[in-house]
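These notes open a run of structures that come right after.
One chain, chain A, links the two complexes that follow: it is found with chain B in the first and with chain C in the second.
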Partner chain A sequence: MDIQEKDQTLGAEDLEILQEVMNIAFGRAAADLAKFINIFVKLSVPHISLISKSEISETLRSELEGMDQNVSVVRQDFWGDLTCSAVLFFPAHTENEIISIMGTDELNVEFNEISTSLAQETLLELGNILIGACAGKIAQLLETNVSFSPPFAAINEPMGEAIEQMDIHESDQILSLQTQFSFEERNLSGLLIIAGQKSSFAWIKEALTKFMAQYE
Partner chain B sequence: MYEEVVNFLNVGLVILDEQMNVRKWNKWMERHSNIKSSDIEGKNLFLFFPMLDNEHFNRSIKSVFTFSNMVFYSQKLHRYCFPIPPVASFRQQFEFMQQNCAIGPITPEENSNCVFISIQDVTNIVYYEDQLRDMNIKDALTNIYNRRFLDSILDREFKRHMRYKHPMSVIMLDIDHFKEVNDQYGHQCGDEVLKSFSAIIHAQLRDVDFLARYGGEEFCCLLPETPPESALLVAKRLRVAIEESNHKWQDIELKITSSLGVCTSTSKHQNASELIELADKGLYQAKKQGRNAVIVTQ
Partner chain C sequence: MTKKILIIDDSGVSRRMLKSTIGKIDDFEIIEAADGKAGVTKYWECRPDVTFMDLTMPVMDGYEAIKLIKERDPAAVIIVGTADIQTKSIQRVLDLGVVAVVNKPFQVDQVRDALNKAALI
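Showing the complex of A and B:
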């Protein structure tokens, strides 16, 4: 069986099933985050689309209205049957809120005056957990395992740069899984984009067929 | 079959099950923790490391069991995960080995869910980073902040002052007749005086204040969140502390005095260098008036 030779585009029906999978995956991720690690996050109904890299910035600009041109991001890639580049966007200047959510302000670490390490490392931890939770649940539902690269965080960088750094070819169509998230009782919300690489499309198609088979 | 590899790795490797029992403790961990694998394997990790039974560590482990993701325990945020001693050459500088750790899932087999923790010793990197940072921001002779660092802090604190409208003050101070100390006793003696002078000033300031060597025998104190009356009190206290202190070099004992200029930010100031300039004017007025004095400028 050679997966490469199969049809490598995703049709409307595939996207519909994927929407269902994402609803379940993100719902479970939010439930488990609350249950196991006391992070109470609301994830909006995910928006699934096939877009190009340049369209990501357009989407972001419309979704992140009211935000500065600068954003704080956590980027993490994961690979396996499902190879994706995930990026979590927060509005700029939300470091203190993030630190307070994670409770890292109580770690009593002496931070050097000239470094923004505390904010950066805290953003890394939160991003790692959120991306890990969402990606982990998607992988579980589609019955596969993924490996994670170490996450990378940047505080207050220009939005264009954040997108530029995503591991996507300019010409490629990608599968964009997008969700808005907000923290209960906190004044913090942001956007998660999981960009599925074209090379995974064939596998996704198969996995979706399998996923549907259990309901037939 | 992987046993040899696991023990040969120059990285600590620990495998834990869901009950926090240690399933694997590799040779590296044995060597650095002084705990034998035969002693700890099969037992609860918290029996050996009760301090790890904290919210953060438990949350990290649970996250990996729940989401099968990787959790990174960075040195920058946590310094270390396992409180084990550093290698002998760093025992002076560090109580515990500085570590970057990662916690990740292991594909479950035979009804047992496990996670692994990898522990990387980064003590030497942290040591060199600290050294480099110190060299960058401190004055080599007096070990207080240097001019470059002061400029960056001034800028930052002034912006904070603009944003929150809290007052900030600066004190410029200078050793009186310092040239005569150098001429009479030599530069080595002068260096000693600079050192003891900065130590005396430093001891008088709060932790939140910044003291920097501005150049030659001129120093600058930056006092965040400090209104004019308090800044004046601090300056007067500094003047007295210097006047009353004795400075020793070899068998020479000498007394010095200092002149000080104080300036507190108001809405009319545009940037931090204006404050420095004004405080500096006060300092020169103090010199003109006969030295060993404090002058406030606005």
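Showing the complex of A and C:
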């Protein structure tokens, strides 16, 4: 049977298994980041849901305090058997805290001041670690390989615009894997959303069945 | 007499994975709880030989649950099973007196080693 003809419906059990896969993957990503910045990363229980693109902004506002009209984001798409758009969201005007956490404020000398370029560079670095490790671990657990697009970062841009840029069709149901995280003794929380395209659902279903088979 | 293992984890899938892994090692009576608070209650009800504890859970997290159990029963044998593999998390639970930390996804060898450390097998 061609994969296009296979069941493209993700049921409650599929979502529950994906939640555990995301939990493991984000644990890996947080450990990589914590090692890099030497700050403990507090994790939340991941949340998995099937939503439409138009519901993402509502999700952001309900999940993360301070999410208003503008956000700072780093986005990276990856594709293969699993095609997703991953976006790391932070409330607007948190760039100084992000720069401080990442330790790139030492580069102020080079940049003269906390400039947009420095904030963008820092966000790209943060996104590279978190999205790369998270997507890489998901791919490893589901026994596939993914290719990454170059990451893109934007500071204080309208939330609607940031969501619009995600590589998702307006009408499609998407798989949203969300994890909220914060940094110990720092006033910063972020939200990682990995939006899976419907074209990947049949493959995801098969991969999850295979993943759980080792535990039967 | 069959030894008792209490699994405290909010994820039903994770509990299933751990039960299957433990089942490949030996026969145990498995008891489950879906968050730290329910887990602490279950602990006093069934007095398990070993408790597997997740860390990131709603209602009450694993750190708090370990503290509550250890305060009243310092001899409690607790193994942490977690996806949070940050050095600080691992050190924190070892300081609370857990016997071993097992990373998710569960692997038979790792779980067997942890049960060995717990002197259960």
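Assume the second predicted complex is superposed on the first by the 195 of 216 C-alpha atoms of A that agree within 3 Å, B and C clash if a C-alpha of one lies under 4 Å from a C-alpha of the other, contacts with A are read in each partner's own complex, and residues count from 1 in each chain.
Heads up, the rule we're going with is that a contact is a pair of C-beta atoms (placed from the backbone, for glycine too) under 8 Å apart; a residue touches a chain by one contact, two chains touch by 3 or more.
Everything quoted here is computed from the prediction, not taken from an experiment.
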Chain C versus chain B, contacts on chain A by residue: B
Chain B versus chain C as contact partner of A:S117, first or second or both or neither: first
Which of chain B and chain C A:N145 touches, first, second, both or neither: first
Touched partner set for A:G132, first chain B, second chain C, both or neither: first
Touching both chain B and chain C, residues of chain A: none
Residue ranges of chain C in contact with chain A within the complex: 10-14, 16-17, 20-21, 56-58, 82-89, 104-106
Footprint of chain A on chain B - complex, ascending: 55-56, 59, 62-63, 66-72, 74, 76-79, 102, 104, 107, 133, 137, 149, 152-153
Complex contacts: residues of chain A adjacent to chain C: 16-17, 19-20, 23-24, 26-28, 30-31, 34-35, 40-41, 43-45, 141, 212, 215-216
Chain B contact footprint on chain A (complex, rising order): 29, 32, 36-38, 103-104, 107, 109, 112-114, 117-118, 120-122, 124-125, 128-129, 131-133, 135-137, 139-140, 145, 148, 150-151
